[in-house]
Amino acid sequence: MTYQFDFAWLATYWPVFLDGVLMTVRLIVIGGIAGLLLGTFCAWARSLGPVWLRPPVIAYVELIRNTPFLIQLFFIFFGLPAAGFRLTEVEAATLAMVINLGAYSAEIIRAGIEATPKGQFEAGASLALSPVQTFRHVVLVPALQRIWPALASQVVIVMLGSAVVSQIAVEDLTYAANFAQSRTFRAFEAYFVSTAIYLALAILLRFALLQAGRMIFPHAGAAR
Amino acid sequence: MPLIAIDGLRKSYGEHEVLKGIDIGVEKGEVIAIIGKSGSGKSTLLRCINGLETINGGSIAVDGAELAADEAHLRALRLKVGMIFQQFNLFPHKTAGQNVMLAQQVVNKTGKAEAEAMARKMLDRVGLGEKFDSYPDQLSGGQQQRVAIARALAMEPMALLCDEITSALDPELVGEVLQVVRGLAAEGMTLLMVTHEMAFARDVCSRVVFMHQGRVHETGRPEEVFANPQTPELQSFLGRSAA
Amino acid sequence: MPLIAIDGLRKSYGEHEVLKGIDIGVEKGEVIAIIGKSGSGKSTLLRCINGLETINGGSIAVDGAELAADEAHLRALRLKVGMIFQQFNLFPHKTAGQNVMLAQQVVNKTGKAEAEAMARKMLDRVGLGEKFDSYPDQLSGGQQQRVAIARALAMEPMALLCDEITSALDPELVGEVLQVVRGLAAEGMTLLMVTHEMAFARDVCSRVVFMHQGRVHETGRPEEVFANPQTPELQSFLGRSAA
Amino acid sequence: MTQFTLIDILRNLIFATQWTVILSLVSFAGGGLLGLVLLFMRIGKARLLPPVVKLYVEIFQGTPLLMQLFLAFFGLGLFGIDVPPWLAAAVALILWTAAFLAEIWRGCVEAVAKGQWEASASLGMSYLEQMRHVILPQALKVAIPPTVGFSVQVVKGTALTSIIGFTELSKAGTVLTNATFQPFTVYGLVALIYFALCFPLSQAARHLERKMNAAHRH
Amino acid sequence: ADALESIKEAGILRVAVPQDFPPFGSVGTDMKPQGYDIDMARLIATKLNVDLALVPVTSANRIPFLQTGKVDLVISSMGKNPERDAVIDFSDAYAPFYNGVFGPEELEVADASDLSGKTVGVTRGSIEDLELTKIAPDDATLKRYEDNNGTISAFLSGQVDAIATGNVVAAAIIAQNPPKLPAMKFLIKNSPCYIGFAEGEPALAEAVNKIIAEAKEDGALDEISQQWLGMALPAGL
């Protein structure tokens, strides 16, 4: 191998990477929170919600789960303006992440809801809680707790999937790598650095989510 | 007018008619034991009274208000009658205290302090004052069932429905739960309980209802029913459960 | 020389010493019952003899050959002693017949026809000749356990280790399995069995070994051991299991 | 300049779809083989291999597939290997697929009851014989639904190869968008084609799973 | 080894060409690349008497393609600047290229300073990107897309106010009657296109330059220019 590795350019370009990391983090924080809310809503709609709401929710979940994120992103950013609906690239990327995570987490959360013993619904009802109150106060927390590790993995997957948002000029971590390599022509090194950062982000994000799980669900024994 | 008036109640699951016309009137302060073979429809009856099942015929009225299927009526009904289940059904993510407070806060919009005071009172009443901060899985079965009773009592119902509330308990824990129920009966609570504890039924109840194949087959004061069963079905049922 | 010679056997899990020096000699044709409280190390002892656990001290020799940890020695050992488990552990993806044939074909390289003949013979022996093509989940627990016995027998072992082989069975199925074991004992098979069936042990076994806290606490002929337990531990153990 | 009709667009998209399909098949087959090797390394008895595989899985599951594609594309070249985009795409997808499949399958092997290991050991079987005759046949059955389910991720993963210049369905979509100025139509069609590829696979996975939960275990 | 020799030995010339940059390189209805750069590549292959393998690249990745030996030549309407010159070598110019900022008719921009507050799309790593980055005011936003497809799509879908690209590219867009017509706002740079190849290959450089010179001489290049750019080859190229 005659190639000489050279990371000297990092001295100049690290601020670009820092901005990129911040953008990636921002996307996953906003996308993650909104996506989980959407997913929770869809999980509720699909397993407990009104019957008329189920077909559209199923269609949404299946459509998103069976098409690539990149195409969803292009459709939102390049396609929707043709239909008179324009978003900035960051809005488009965030929206794409929200609907993507929403669809995946809906399925995960639904599994958690459906594992709820029937007696929990009946106990809620017999205490005069409305179905929505029962869902909110009785069913939801143990359901989320049950599937929290799977949910954490999915959020990490969506974070890693966000690498393609640079395609629509969102200045995320991948953009930083692309930008640096287009100026320094150090493609391998640039991608190597960003890959390492992604790996660190993934490990940190998973750790943070599991830690958060411990805080949100203080009683481990409830997830059964 | 009886507190709970059940009139010609019918309930089917698909083709299978489980309740074939039930008439029962429960006066305020009565303690009624419902006995009968497995599958005779005892649980279904209680579940209908609590509005957990839709009924196919007849009527149920509690404190003069007839049961209807819409949400508002159901909630009103459930505020009047509490229910306690065989499987306790405590909320696993909430402490004993939070279990008791929840419905007060959510349904009655009671303030937190007031709900907590009520919860402490009710947990004291079932002898679990010091378990306020324990989670269900840190409690024994008997303690869990007592929390469930406290949870129902905190809504100040007019009547309590109890479905085999000691059947899931280890024998040594049955006593502590029955003790609590005995106390409630003594204080004048209206109770409708499915039970296999014949000795307890004889002791505490004012009336026994024997169900058989979806009908009230025989009914009467416990001393009569147990001493002089009229129908061969009840005779055979009592003979078996005595063995 | 005993068929199975266990000498100063020690076994620990981490810090926890489970077997604290066991000496047992099993003669050919002996039927030994191992009894003792839960956690006393009975299963661990059998598992060590079968080489399923590595040992920390002492020695185990079967038919003169000492147990060593390498694969070849282990296989040789396991061909001499078969093992039957509480949970049957039949291979769910194979029929009863295939369960019995598999190890013959794979380990002994027996031809298919011969293995099948042996399998039919062994299934007949445990009274399941007609279940050759049934899958485990189409068999009752008792039948499954009998297939497991046939599977072990097909390898023509010198001795069989049985670990509570009736504990996972419904009471009415225990008899059929014990009947098979009784037959094996009568035919002169060397048996080492952990059991809670005291009546069976008294009836069939030539010797009883009482284990307590990782040691052989008392041993002797069943009529002596059961009638005159020497140590307070055995007295209390027998007292409890008689109750 | 050339004008595209809707038929032209569709024809070209469908033509490009064949590359998506081929790439998916190659990735899945190659990833399956490598995944199997990794699986054996992971559950085998050699002491050093399992942590290596664990690290491998951690890296490939913990970094974006896009980055893996870039690195394969630009990295392999540094070793003097001439990598056309399709090869880089195939290599990266195979490595990525293998990491996931190895992990899925490991779960399936570990789901086989411990008693099965002990019963087969006590019958005198060697490790390989246990694997071959007792453990793997059972694990295989459990493994089919999640494996089919994962194939959907592989098909979708091939879309990223467009970014290193491989002209499969997504790339054809981008190129055609530019030639036609109809992004809404083109990306809509692209999404539909992906859906047509993936939806049957997800349904099959779901169906298999339901069947397995219901059926006998043999 | 000597690059020219290994090309001849292999009998095949691998050339990086654009497929998202009309009229230099785009696709026909058969999805095959076509355009000025493709014809140029064909010309060189013919002159070297070897087969031609076209490798579609983007502006962002064409130099890595060359650096990692995936292609022998980059004929991808590439402009020359010192940064690039440091890592690869260039031939003589083979095509004219004027890049500028284009926007809709109503957009009032006359020079770089007018871009203040505007959003401009460029293709990452292109000469326009590098040059505009230097001259654009601080409060202008540059959106850098991965390839020209992205840049053009962004303009046509209205995601950016203006784009920086070549005049002929804009002309090619106009020729296709897009929903939005790009009009020239100002010229960034006269930046003719060069063929790129790996550093330290004098024999290859000489051969390529010779072919370019001949093609200028015998009118072959002029013909290509007429066909794709609709104009004669500028004299001074």
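A, B, C, D and E label the chains in the order they appear, each numbered from 1.
Convention: contacts are C-beta pairs under 8 Å (C-beta built on N, C-alpha and C of every residue); 3 or more make two chains touch, one makes a residue touch a chain.
Owing to the predicted nature of the structure, the values given are computational and were not obtained by experimental measurement.
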Legend entry - Remaining chains grouped by touching, chain D not included: A, B, E | C
Inset, instruction - List every chain that touches both chain B and chain E. - result: A
Legend entry - Angle of rotation relating chain B to chain C [CA atoms, steps of 5 degrees]: 175
Inset, instruction - Express in whole angstrom the distance between the two chain centres, defined as the mean CA positions of chain C and chain E. - result: 81
Legend entry - chain B and chain D, separation of their C-alpha mean positions in angstrom: 55
Legend entry - Separation of mean Cα positions, chain D and chain C [Å, integer]: 46
Inset, instruction - Please work out the Cα centroid separation of chain B and chain C, and write it as a whole number of Å. - result: 51
Inset, instruction - Mind pulling the residue numbers of chain D that touch at least two other chains? - result: 74, 78, 80, 163, 174, 177, 183
Inset, instruction - Could you check chain E for residues that touch two or more other chains and list them? - result: 61, 64, 67-68, 146, 150, 153, 157
Inset, instruction - State which pairs of chains touch, listing all of them. - result: A-B, A-D, A-E, C-D, D-E
Inset, instruction - Could you pull out which chain A residues touch chain B in their complex? - result: 117, 119-120, 122-123, 125-131, 133, 137-138, 141-142, 145, 217, 219, 221-224
Inset, instruction - Spell out the residues on chain A that touch chain D in their complex, using ranges where they run on. - result: 1-3, 62-63, 65-72, 74-75, 78-83, 156, 160-164, 167, 174, 177, 187-188, 191-192, 194-195, 198-199, 202-203
Legend entry - Touching residues (chain side chain E, partner chain A) in the complex: 59-61, 63-64, 67-68, 83-84, 87-88, 121, 124-125, 129-130, 143-146, 150, 153-154, 157-159
Inset, instruction - Enumerate the contact residues on chain C facing chain D in the complex. - result: 50-52, 71, 74-75, 78-79, 82-83, 85, 87, 89-94, 102-103, 106-107, 135-138, 148, 151-152, 155
Inset, instruction - Under the touch definition given earlier, write down the residues of chain D that touch chain E in their complex. - result: 1-4, 8, 12, 15-16, 74, 77-78, 80, 82-85, 163-165, 167, 172, 174-175, 177-179, 181, 183
